Each structure stands twice: as C-alpha cells, then as structure tokens.
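Structure incoming, see below.
Chain IDs A, B, C and D follow the sequence of writing; residue 1 opens each chain.
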Amino acid sequence: MLVPDEVRSSIDQDLGFGGRVARESRKRLLNRDGSFNVERRGQPFLRSLNLYHLVLTVSWPRFYLFFAGLYFLVNLGFASAYFLCGPGALEGSAARMPVERFEEAFFFSVQTLATIGYGRLGPHGHAANVLVTVEALVGLGGFALVTSLLFARFSRPEARVLFSAQAVVAPYADRTGLMFRIANARRSQLLEVTATVSLSRLETVNGQRVRRFYELPLERKRVVFFPLHWVVVHPIDERSPLWQVDEAGFRSSDAEVLVYLTAFDETFSQTVHARGSYKFDEVVFGARFADMFDARDDGVLTIDLRRLDRIERG
Amino acid sequence: MLVPDEVRSSIDQDLGFGGRVARESRKRLLNRDGSFNVERRGQPFLRSLNLYHLVLTVSWPRFYLFFAGLYFLVNLGFASAYFLCGPGALEGSAARMPVERFEEAFFFSVQTLATIGYGRLGPHGHAANVLVTVEALVGLGGFALVTSLLFARFSRPEARVLFSAQAVVAPYADRTGLMFRIANARRSQLLEVTATVSLSRLETVNGQRVRRFYELPLERKRVVFFPLHWVVVHPIDERSPLWQVDEAGFRSSDAEVLVYLTAFDETFSQTVHARGSYKFDEVVFGARFADMFDARDDGVLTIDLRRLDRIERG
Amino acid sequence: MLVPDEVRSSIDQDLGFGGRVARESRKRLLNRDGSFNVERRGQPFLRSLNLYHLVLTVSWPRFYLFFAGLYFLVNLGFASAYFLCGPGALEGSAARMPVERFEEAFFFSVQTLATIGYGRLGPHGHAANVLVTVEALVGLGGFALVTSLLFARFSRPEARVLFSAQAVVAPYADRTGLMFRIANARRSQLLEVTATVSLSRLETVNGQRVRRFYELPLERKRVVFFPLHWVVVHPIDERSPLWQVDEAGFRSSDAEVLVYLTAFDETFSQTVHARGSYKFDEVVFGARFADMFDARDDGVLTIDLRRLDRIERG
Amino acid sequence: MLVPDEVRSSIDQDLGFGGRVARESRKRLLNRDGSFNVERRGQPFLRSLNLYHLVLTVSWPRFYLFFAGLYFLVNLGFASAYFLCGPGALEGSAARMPVERFEEAFFFSVQTLATIGYGRLGPHGHAANVLVTVEALVGLGGFALVTSLLFARFSRPEARVLFSAQAVVAPYADRTGLMFRIANARRSQLLEVTATVSLSRLETVNGQRVRRFYELPLERKRVVFFPLHWVVVHPIDERSPLWQVDEAGFRSSDAEVLVYLTAFDETFSQTVHARGSYKFDEVVFGARFADMFDARDDGVLTIDLRRLDRIERG
C-alpha cells in the first residue's frame, strides 16, 4: 500500500476539493446556498459561453429586461439604417423633419421585425428592401432563439431544498446526534432522496494543522418519499468523529458539515442535486427542533414550513 | 447500536413519512391516485412557482381556456390603451361612436398582437406607435412562452399505470399470497419495471398503538418487459408480516399496502415513477383474479384491459 | 421455499411475458424489429392519447402531410365562415360570383392564419372581425403546437442498432458458441452498451409441453465503447442450456433467442434501449461470420457495414 | 473455462474495440479530442440522418450561415415562381423591366415567407394566391423547424473537460505514479465525476506482437465535487502493468493511455461523458505538474486554468 491508510481515508473523503484545499483553506468550502467558495481564472476563450449560462440562470425579471432591451436596440439599429437610406426609402411617409423621419423609421422597423407589416409604410428602393429582407431574418431567428431559451429555462429541473438555518446536537436514542432538517420547497414531489453528509475540520497531524474529511454515517441515508420534511440524523456514537467533541472543540477545529443530496424530481422525471453546509457557528449544541405539525380536525397530517428553522434550547 | 434493532427496521422502512406520521396517522397515507395524503403550509414566497406547476399539470381544456382568456384580456387591455389615445390614434378609422371606436381598437389590437397587420387600420402619432412597439413585444414574447409551455407539457413523461381496483389474498403455490395486477395504460413501452411493496399497520408496542412499516418480499421485484399485465405477488410464508393474519386482523390493524413502481419509458427515454395504495377494505381475502386473455385464431396473445379489475370469489 | 427452485428459475427469467405466455405461446415473442408480438384490447378511454403517440412516431413524410392537410382544412373551415358572413364581410373585395367570393375568402383566411395580413383584403363588420380574432388565436396556437411536436420528435433518442440477419453457432475457443453481430446505424456514439440474451424454448415437464426461459451467459455483457461492431458470444459449455443441442433439437423445441440492449447515446445524453430476436430458423449451425474490415493504406481501421449479415458456411 | 484466463482479461478490458483492432491497430485508438480513430462504411440509407446530426453538431456560425442561405434560396425559388406567373400576378406592382419584376417578386416573397405582408404588393389571380398559400406554410413550418433545432442544440449537454496536454510519471507517495490533470471548462458544475483509465500496448505473446488492454487502478476513481481541477493518479506499484517500465519500454510498446469520464452536469441535470487519450509521446517521465493555485488576500481558493498544462521537469 503506497498511501498510508490514514492518508487514504482522507483522500477518499475530501469530496474532490483536493489536497491543497484540504491543507490550506481557512474559509468555508460551501456557501449557504450550496455554491462553491472557490474561484477559477483563465478561461478567456469561454466568454461566449458565459452568455448562455447567464441567460439560463439570471432571474426572470432580468431575463425579460435583457430581451426587451435587445429588441429596442435592434430596432434602433435598423431604424438608423432605414434613416440613412434617405427620405425616399419609406413609401407612404409623411415625415419631413429628420427627427420625424427617424421616428417613422423606428416604428417601421418595429412593424418589420415583429412581422406585423401594416403597409401604411413600405420599403421603397433597393437598399430599403434588402434591409427588410435582413431584418425579417433577424426577427425570425431572434424569436426562435428566445423561444428556445425560454424552454431551456423551463426544462431545467432544479431542486429547491430548504435547509434549516441551523443544525443541532440534540439527544438521540440514548446518546446524542447531529441533526438538521430539510424540506422540499417546490410542489413537485422528490423521490428517492439520498443524503451524504461529511465533516471537514482541522486536525493536528505530526505537529501540522491539516484539514481532514470524514463521511458521517446517518441513521438513514435515503427516503423513498419526501412529502413532508426529513430530519437527517448522524448518531454520535463511539465510531463518530464527533464522539466526545463539545462546542468549544467543534469551533476550534474550524469544523464544517457538508451536505450533498440527490433526488428524483417527479415533475421533470430527472435526477436533481442540492448542496448545503453548516459552519461551526451554525451548529447549536444542546438544542432540539420544534414540532412542525399542525393539528387538523379531519386528521390529515399537516406541517407548517415556516417553522422549519425553529429550535428549542434545552 | 444506539437504536434498537426493532425500531431501526421500522425507521428504515417508513419510506420517508417520518416517525410522527408513523405514530399518529389514522388516514390512508397514499390516495388511490398515488398522491400523498398530507398537507404542507407556509410557502408564501412560492406563489409564483405554483403558476408554472399549474400550467404544467392542468388538463388540456383548461390549459387552452387559460391562454384563450389571457389572449382576450391582453387585447382588451391594449384596446383600452389605444382608445385612450383619442380618436386620431388609428389612421383609416371610420368609427364615430365611442363603442364603435373601442371595438375598432380591440380588433386593431388583435391584428397587432398576432402580428397580422392588415394595415386598413394603422397607428398614428407617438402614443399609438409606442403602444404598437410594446404590444408587438408582448405578442412575440407571449407566443414564445406558450410554445415553451406546450413543449414542457409534451416532454414530461408520466407513467400511467393501471392498478387493479382491489388486491386479493389468494392461493399461491402451496400457501397463499397477496396479489394485485398492474398494466400499462399507454401505448409506449415500459421496460425494467421494478416494484417495491410496503405494509403499513398499527401494532401494539409496550401497550401503545404505533404504526409500523414492513417491506413485503415479492415473488419477483422486476420485469424486463411489460407488454401485457403483471400480477405482483407477495408470498405469505412464515417470514411474512401477514403470516396467519386473517381479514379481521388486517382490518383492525388499519393496514395499508403501499406500492412504488419505477420503470423506463421507451418513448421518452426517461425513468418514470408511479405509486398506488390498497387500504384494508380494498384487499379481498379468498378471491382470485379472473383471466384477462382473449383467444385469437392466429395465436397472437391478446389481453383485454377492461378485465383488469375482475376478481372471482372462491 | 414456496416455489420450487426449478419453477422459480423460470419465473425469474421469463422477462415479464408471464406464465400464461410461457405455457401457451406458439408464435415468436419479439418481432424482428423488436416490437412485442402481443395485443392489448379495451383501452377506449385512451383514444385521445393515441393521436399524440402517432404524431411522435409516424414517418416524416406523413408528419408533414398531416399538418399540411390540417392547414388546408382549417383554412377551408374559416373560408366557409367568412363566406357565410355575406358579401360585405371582406373589404377590398372585387369578387362577384359565389365561387370567386369563396376563393377570396380562402386566400384571406390563409393570410390571416399565417398572420401575413397584406391588407388588400380586410375584415369588415362584427362577424368578420370576431372570426379574425379567433383565427389568429388558432393560427398562433397551432403553430406553437407544431413547433412543440417537431421538437418532441427531435428530442426523442432512439437507438438504431443493426442486428445481423442471422445468428450462428460457430467454433469458439475450443468448443462452440452462439453468436450474432450488432452495429450502431447512427453517427452518434453509443457508450456502455450492455446486452442481455435469453433463450425461450418448449420443454416437456411431467409430460406437459411448457415454455421455459433461460438467461444465456455471455463472453462479455458490456462494452464501454462501440465504434465498430460487436460480436455478442454465448459460449456453449456444460452449463449452457444449449449444451449438446443440435439443429434438429433447436428447431423442435421452438426456440427463440431474445436480445435486450441498453446503451448511453452520446448525442442525446440519454439511455436508449433496443430489442431483437432470433427464431430457430434464423440461427445457422456450423457457419461463421465473414470479416467486415477493409484494408486502408493509412492504417485507419475501417469496417463495411454492408457485410454485417454475411456468413460463411463451414 | 473455455477462454484462457490470460485472454479473457484482455477481452474484458479492450473497451469494445474488439480483437481485430487489438491485434492490428498501429494508430492511436482515440484522438486527442476524444473521437474514435476508426471509419465505418456502407451506410447509404443513412444519408438523410447525417443532415440532422450535422445540424446539431456544426459550429454556431455555420449553423446560422446554413439557415440564412436556406432563407435566401427559398425566397429565390418562390420569387421565380411569382415571376413566372406573369406581369399581373403582383397587384400594386410598378415594375416594367424583367429585372425589376424579378426583384419585386423576390422582396414580395420575403414579405410573405416572413409573414410580414405590407400589402403594398399583393397576390393577384389564382396562381399567385396558391403560391402564397404554399409559401406561408413553408415559412411557418421552416420557422418551427429552426426553433426546434435551435433548442435541440441548446438542450444537448456536452461536457467540456480540459485534459492537460501531457501526462507525467512523477513521484507519488514513496514510489511513482502516472498522472494527468483535468478541469471543467464550463461554468456549470460537474458532480460525481468518475474516471476509468486503461492502458493499451503491444506485447509479445507466443512470438506474436498483439495489442493488450489493462485497466489501471486509480488512487481514487470518483470525486463528488469538481469545482477546481483533479489530478488523476495511477499509483505504479508491483501490481501495475507499468511497474518497472521506463520511457524506452513505454515507447517501444506503442503504449496509449485511454481515459473515459462520466459526470453529472448540474445545469442540464443529465449525465455527460468525456474521453481523452495520451499516446506514448504525450507522457513525460520524471516531470511533475506545476502549481495552479493563486494567492488571494481574502483567502478564497483560486486556480488559474491557463496553467493546467504546465509541468516541471525534475
């Protein structure tokens, strides 16, 4: 065995952050929203791709604003071109002043790009007709593009899993357990939800402070149905790396609990992933989660998602 | 071991309903259509998402009605705006009375939103032209939206698995078995169909009535092909939780048989899921399923799906 | 054990055709194109679904013809409606004779449905304008539908795996093997191709002829890459159900070799499935497959797919 | 055992290239871009499919050029048809010379295909009206087609994994290892990245030079997260086929290291695949990879992808 067992166990469980991160990182590895707290530089040739990624991931208002702006700019461009073709380029025109002519050219461009074509104004002469030919192609192509992108946004399944704001170390069975709560924020059902929970912390090995990773065994790794919420529990027994660790020890080791979920989204019929993280100051020792259930007369089980974060200090 | 074996087996098999449900639920957990009999409250910030989920899951007539109504309302809105621009806003207009003018504005809006643009009516003046610019954008964007949503509906694979109305406890091999029948209601083939069947029932533990879950072993968990129907069989032998349970015992324990299916849908090339449930009063003891096969002269095997539910009492 | 071992092995390997099929079928179970040789009746409530399934699976010429026909019919319908509105409904009309008026109404409908709207003809009066409003909605909705269906057709991955017309029983290592050849007919790469091969044949059990199923172990079940062709080999050794079976025995047992393939399609990034079958008269004993490779000066390996079926009798 | 163990191990690991390739190939099996270095002939009936595959895989500029060209050609075709209908076919025409008439017909075709329909020109007579009916259908259908294809391009997940230009044989733990570096070129996260690395080389068996395949065990086969880069390491210990192989031996055996990756693309929620290859002259003995990390004041881990290929000779 080339790699000592001790090292290997850490290699196998660093989740892909790599040895250098394991040794040097002093920041949290995963942000609260599940994004990675790292930066990659030097992808100049990918600038074009970023546009696509942006279009897929920006918020809806920005998405609409972007395309409304584009629509305005393209019309402005073609308006300028029609304007430059001279006064005779738009048949039916009544405008005399340059400002009026430009406005007319702009509205004519709108009617062309959107393929309305009232015909009160019409292209006259070679240049204007060629412009119309190009603008029609741009209009149709652009519209096809927007339709595609809209659908690309719609068809992108994305789990929206709510994590309780804090994890707790609370009594579990006859000892204690590290627990956090998750719930599905969407209406679509998640099925076969699987959780992988890792602990990342600094340890002193041969006098050096190094970051080590441990996978934390769970009471259960997987639920088939997820209609309500799920309290994910790591039982702290003798084999747990958290055995006999108190709040001070947890803090001084710069501990972070990394959570990785996979599930099957029923609406999209696709596998989705979610990540979360609890830094040491987001773990409360000696507290427990408050009840989320509501009583209902007809006996249907009801939970109130607003109480997901609620904990009770012991 | 922190959790007693006995408890653990129940934890591992409660399918994700959680301990509270396991203890308190007196209702069926899964409705006949596979939906969960629970309620989640407190998602105020998700109202916007519901719209999308609705659009995807409403029936086709409602989907069309919704967009036809939207089309009407948007035209009504723009008609009002054109109307408010005053009598001169629509060139070519012959209308004199307000009612006529509004009607004209409405039909002009239709011609603009749908990008027809006959041009018998045309926008005149600043305000009307700006409105046309906006309406064209709304029209194109809305149309792109509908196309996307239509496709989102089409591309959503959804298994439609028919469950026999009742399960039976019938002779199987030299003892008995719990059986139900399923068939594929769609023309597309389902492949690699896998069934997981669980029993949920009340038991008395230390004097308390608690709900327990058991996975029921099946004669076969998986079929590669599913061209006809499949009789799913749980053999009731000494290791079955249903061993020596009669109809009265089944009823008094508030038993429910939960079914979870996964399969590969060939038309969509995606994995699909289906759920079903048999409450105690949907399980018939001492009956067996009637034959579904039809004779045909040319020897091709033929089943009649209308007989899926038919049982014969012994 | 409730089910005798002997029976169970057959249950586990009947692939989902079920016991009744296993006993009674005298026809091939899978057609050469991989479709199932069975019929399902009694789905009256599903007629509407068939339309969608049809639209997805018909050939391209029929698909286009269908929508061209629909386009024609819808225009015919609206033309009739405009015609019925009377002679004054279309402003700009020069037609006098009913036939001319109907033609004009038809072409006006085309200009409206396709949202061209030249405006040489325009709607006049209430009825015609309402018709235009409806036709524009139908036109936009229908067009959105066609776009969605076109994409649904494009996005449907479908493996097109070529099976050699015949399987052979040929020398393999120091004994013999049952072999057939497959190749990918598409340009897109298939990865992680997995084959499952079963034998279905009649056997005499307690004096009764029953159909039994066996999975045939393969020299290799899976290839990671599939750039050329793959000779799937079942080595006929002492443990094979084909051990010491000759051509006459193969025929008299009404044998059928069922093939089930799964693979990952790189172009679509989805898993695809394919099925095939060799009935006893499609298996040639004592022949072997001819070489498919072509020599090329530059040393690049080249195969000729036209030789996939070629066998050489020993 | 029919196949000698020695042969079987090679059969199981030739990845699907087959025995003939294994024996005769003197070229690299995988090109640097992951495509296969083989050729398939004899698919005459598939020519039509190639069009679709092309449309999906050509570069964006060619994609746009192709459809712009098609737009031009279709308009040219319809322009000719309108022209052939004679001088009276286009109402509103002022053109007298044939060249002018053809130009007018071309721009009228543009206005019709794009469904603009200004109406300054309008179809007159039977022939022209029928042409408009057909052109509108072609225009709508073609536009639906482009929208579908655009989306088919967008929805096609494709991993863009950067491989370091060279692999190295460098000190690892207390011996050496074969290493190469990979990074994700896209902004979207790859999860659960799994690597399979094989060695293909010529060996002398019974006096014959044959190509053999070995899977190379890795320090770790899989990372859950892949936010930075990953150094894939095959430890060269006693069980490695590279044990005590030096640069000369590596070269004379015509060695090739084949890499196969699978991962889950978070943006597309689909599994993606990537392939790579290092021929003997792309493996540097006695060098090691240079550091890719950048220092940052705020402690966020930063890598510079431009240094992916950088190696330091020992």
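Here, a contact is a pair of C-beta atoms (placed from the backbone, for glycine too) under 8 Å apart; a residue touches a chain by one contact, two chains touch by 3 or more.
Being a predicted model, the structure only gives us computed values, none of them experimental.
Student: As a test of understanding: of all chains, whose mean C-alpha position lies farthest from that of subunit D?
Tutor: B
Student: If more than half of the interface residue numbers appear on both sides, call it same; otherwise different. Which is it for subunit B and subunit C?
Tutor: Counting which numbers both chains contribute, under half are shared, so the two copies meet through different residues.
Student: Fitting on CA atoms only, what is the rotation between the copies subunit C and subunit D? Please report it in degrees, nearest 5.
Tutor: Rotation angle, to the nearest 5: 90 degrees.
Student: Just how far, in Å, is the C-alpha centre of subunit B from the one of subunit A?
Tutor: 26
Student: At what distance in angstrom does the C-alpha mean of subunit C lie from that of subunit A?
Tutor: Centre-to-centre distance between subunit A and subunit C: 37 Å.
Student: What residues in subunit C touch two or more of the other chains?
Tutor: Each of 111, 115-119, 143, 147, 151, 155, 268, 270 in subunit C touches at least two other chains.
Student: Under the touch definition given earlier, write down the residues of subunit C that touch subunit D in their complex.
Tutor: For subunit C paired with subunit D, touching residues are 64, 67-68, 71, 75, 103, 107, 110-111, 113-120, 143, 146-147, 150-151, 154-155, 172-175, 183, 185-189, 191, 193, 219-220, 223-231, 235, 237, 264, 266-270, 293-294, 296, 299-307.
Student: Under the touch definition given earlier, write down the residues of subunit D that touch subunit C in their complex.
Tutor: By the definition above, subunit D touches subunit C via 2-3, 11-12, 15-18, 20-21, 24-27, 36-43, 46, 49-50, 52-53, 56-57, 91-92, 111-112, 115-119, 121-123, 126, 129, 132-133, 136-137, 139-141, 143-145, 147-149, 151-152, 155-158, 196, 260, 268, 270-273.
Student: Help me check something: in the complex, which residues belonging to subunit A touch subunit C?
Tutor: 115-119, 147, 151
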